[in-house]
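Heads up, the next two complexes both have chain A, just with different partners, chain B and then chain C.
Moving on to the complex of A and B:
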């Protein structure tokens, strides 16, 4: 009953996607959404998802024309060798900066809440070492591990949600439109990078059993994650009310606040362990995808040997910013404001190129024959 | 080859074990001093505060059976510091172990400091210390916090962490003290439109407290005789915009807790005037609040109208006039008596706080939010200012679910 090596099933793929994107609710993203549109922040992920759905849908439609090809090969095939390479390079650089600054945020959280006196570099090195180890094992292993832990992560999320109910005040979501409808729409466009990871995950298509499974998995994960993030933000709003903007990492403040009755007061460590496992998966998958991109661009077949060196480079980029403030207020917004429009534009570009080249007609003819 | 592989694997396991200790954050249980309470006072030196720390001795009471150590259960240190955060470092010149706020239960502030306008900025420092949990309680003591901790020597519950846990837990359950966690303090402060109630406590009894009827005491006034601790937790200190402005007594705190849907007060025993003829003028009833309050507002006019309906379930506990409650007429009479009595109490509390502190003693502004579309509109409305002129209509919905024992049966027993 050995599974066919090298292929991901729909469960594993959806698990990876949910862990990668869903974990955004547990870092500093909710605080930023709150400062943007205050107590209507929970609408923003839903609206962003609706907006990002269009480019993502077109991209997946285009890619599915090329059976078993990944994003980069489709781009190069449609846009030509040179422009294609340039576009791929842009994607790679954006996602490299993304992984560096995201992992730095995680390190900041760990240092601020759990390991106060351990130096940044050591924590970072451990995180990267584990992710490298995981990524080197290959995508099948990442997939099965994420399928193993995705339920724990989600269940612990619901559990926290239920416990925090006791102290929540649901009137905090009123006035319903928060800082105004135009503001919400503006913010939703601004927050497109929330779902940018789905764009990057199209790199994994060749590793899935079929492109149909990829499509299905993407949409399952996409809709689930949208609700997940939105609910999480709602939970933070009804609990923290106006302080939500001032609390940098609401998830961690929350798990330090809740208790299981009088006799089990300080329970954050249980949730911390589950959270950190989710984080490992997130960066392992991210690292793997980045190595895949790099390997594809420079025609390196055994790209898995690149993982350690890439991890070291990301560590070095991530360690540069002096404080967590620099990361979350300057660098991350910068990368995100580049990532959102760039990924949406590339998706549209790929679709238009395919349309102009008549790929859709070819495909129809083929299937007609 | 195989041997090399085995050796390598063992080495990796050893490496992992060294990570398990937590790198630089290695914590030895032996090496930690757990702070249970922090006291804050005004200092004699300008720009400083006096910090008192109550440290628990983990060895006391932890050993089952005999063989406990002869050490004292606690240690108390007071010193001057610039702020709460820096105090943690200073105290290590006195305490041999590393100070930990992990088990911090209570922050006691002297009334003197709480009334100081600097207090908001002093207490805000707490947010910066990630080790202080937001579910620690904030209390205001009548005397200096340093004296409070010294005076407070529980006879039965010598372990300080247990003492505060039980004391506060049961106080909140009875409704005599508010559920004043730091979390609620900061969220109320950020909202800026309501009063915050912090529990009031005192370790000294007043010399000759005036007798008052049930629960209308503030801390230190409850008169009791016997052999017990002098410490009392009753009533609350009222904070407006993070600075203490006054005090309300135990009964008013109970009422405020019933009004506040976010507290989980279960049931409370109160006396209502006896509407029936007889020598005893009070009937003891148990009030239970199971449903949420209904609040309606009319915010259009110059003076906003606020309609509050409180659903209460009542169990009659005594029947001093030996009334037969199987008669409908008597049921109506007692129902009406309880209704007017509770309505009067609530109105008195709200009018009192509205007049004196100009804000509501619980998050009433939440109910106003649904009448607005956006935050900007709500802010323009300026709740804090409008509330001063608001007209409040109280209504209690009484459901008597139990009229107590049938009187006739008891009469038979007496014969």
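Moving on to the complex of A and C:
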């Protein structure tokens, strides 16, 4: 029996978005935020969210003018064939590098904390193989799986939060402005790529039931994730205080640190399983979105067949750096500093183009008729 | 293009042997004809078709209808019919009635089922236990519904045992099974639709549904599937299940097979389709989701807290039976730090003299457990308990004493084995027992990372499963409107909606006045 591909529900979409962005609190991002703005680091995600809200809002507003079109087709329609293609290519390259280095970070974490003697390549190959399998199943199934596990992931997060309380020192959030207000603002602008995934997720609009659902899902996930990341960073700050800057992956240090009473001293494996499941989902969705972009740019209709080769390429890019330091101190910041401004600029550009072309007026006229 | 090349290559390499069928053109032509008015020729035809007198249980009785003063014969299978009934209500009136009457219907006291003329149709009817009467000079044949099949009576359900609720189970007689369903739904919208699958043995299949509830698309796709089955015979419902499933090689079942009429009825009331088949003491429910396989009817018969308690217990059992042995391997081989130091010492001490790696230990015990289980199932019931004692006590105890297995492994395996019995659905039970081995290998290969990877892989696979267009985890994800009877059930008053994934004609079960 031929199966009709279903649509992505708002729950599943929000679950993907939460897992994709929320997992940033569990890698090296908090450490960077701390080095930037010290114990006021928890404010940075909130401010970044406020700043990034503007371009994202405009972008979604613009895209919703074009019923059932995704980001790339809107860009190409508004900016013309050649410039549009160039812009799409830039987005694709940034997100490709993003997935490569992000996944490499995860592999570094796994290797450093849990599997010290396993070669990178084995861990990486398993990650990519699972992601390829999942991405080939299609976005509906990725959504379903994320919805199935998102609650357990979040619950485990809260659980960690609660048991880490007993050793926390709440005075560590003082001085409240950390390294100073101007610094925080600068850092917030700098950390826009925290939410860059939302920009990429606009590729999924045609798979949702309506653009209204997409908007609703995005804002739910957006506001939740902001609070989530901010709380997580606060949790790290009050627990580790000044040593936060020296800890590369605070989440993993934290789950090693906490214990369930005296009898069970180490519970990190349980949280590791849940975390790694979230990570699989994150890169599966990421991989799918990238394949979607590639397929759209080069007019490949059955882009699902591209997924294995793309995964192999990302694996090869990700495996190049020698050490985890290269990745988190040189390569990732480079990609991120390109991603944040670029995505924000593209969003604004698209909106301005739509404004100049009078698309908003057209839409109003259409709805008026 | 690559695929087509591969296909031709496979075709060239894989040549199936060809068999020449012996032609039975003559018989086919004979069956296509109508009966003639010539008595002798009719008799000859039927004797030839049924190989009389070689065929022992086909009876032909020739006599004269006194009222009409004409020759006639009846033909029936004495193993499938009620002979006393034939004697009393067909033969006696025909032979003894002297009053002149115009029609056969006026002579016999037995209600005439129908009259047919085609020889093939008559033959089909006779094979299913109907008595055919052929009168000299008459161009039609009278058939009487006299079938009476031997079989067991309605008994208690053996495989799906529950404490509270109806105890009766389906048996092998189609009529009984239909009665069991009919007596629970007293509504004219309940339809029993007869269907014949397979060409040669023409097995009866009964589609049961409520006409004002079900989604016609599902029904049509099911009918198309049934029509597409081109085999000589489908002997049992369990075989039919395999013909109907979308992925017959999949580990996880997508059709529910139950022997409890009350369970079948509850599904019919929700808008599912139930398939009954003659000679099968169970029924198929479709579409089936993970939840319908996972639930037990007792969840609803018990009061809400108790029902939810056993449901959560079952969920825990599912996780334990699936993950406990692989988790043990992952922990002891890769993440020793997780075990509390005292316990670690104890485990290490017990394992000190065991020569095998823990994965071998676990595999040995898992296989031993499956052996005991299978043996316990197959032995004649008088020696059944003995096997259990031999298996559990002697094997476990002796293995530990001989330093082949460490005692903690026995605990792990016993726990996972015991938990696997709680999943009552046979197919889901097998699925979990088999996937347990996959998890053991994954955990043995790369510890908890492989374990986590396999969970995600499995979830991807499961969400992509579909049963007649219904996703496996519906209505949880993708979301459909339903009464949210998933992991936790609510009070019956709140379960007001039929599952939305079935797209029933009437969503609301009970309307508030």
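We adopt the following convention: the second predicted complex is superposed on the first by the 364 of 369 C-alpha atoms of A that agree within 3 Å, B and C clash if a C-alpha of one lies under 4 Å from a C-alpha of the other, contacts with A are read in each partner's own complex, and residues count from 1 in each chain.
Everything below uses one rule, namely that a residue touches a chain if its C-beta (ideal position, glycine included) is under 8 Å from a C-beta of that chain, and two chains touch if they have at least 3 such contacts.
Model, not experiment: these values are computed from the prediction.
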Three-chain arrangement built on chain A, chain B and chain C clash or fit: clash
Which of chain B and chain C A:266 touches, first, second, both or neither: both
Touched partner set for A:171, first chain B, second chain C, both or neither: first
Chain B versus chain C as contact partner of A:115, first or second or both or neither: both
Contacts of A:179 with chain B and chain C, given as first, second, both or neither: first
Touching partner for A:323 - first (chain B), second (chain C), both, neither: neither
Partner chain in contact with A:126 - chain B first, chain C second, else both or neither: both
Touching partner for A:243 - first (chain B), second (chain C), both, neither: first
Chain B/chain C common contact set on chain A: 114-115, 118, 122-123, 126, 265-266
Chain B-touching residues of chain A, taken from the complex the two chains share: 38-39, 112-119, 122-123, 126, 166-167, 169, 171-172, 174-180, 240-243, 246, 253, 256-257, 259, 262, 265-266
In the complex, chain C residues that touch chain A: 221, 225, 246, 330-331, 334-335, 337-338, 340-341, 446-453, 455-457, 459-461, 463-464, 466, 468-469, 471, 473, 476-479
Complex contacts: residues of chain B adjacent to chain A: 19, 22-25, 102, 127, 130, 133-135, 165, 169, 183, 186-187, 190-192, 261-262, 264, 363, 366-367, 369-370, 372-378
Touching residues on chain A, where the partner in the complex is chain C: 1, 3-4, 6, 9, 11-12, 110, 114-115, 118, 122-123, 126-127, 130, 133-134, 137-138, 140-145, 147-149, 263-269, 272-273, 276-277, 280-281, 284
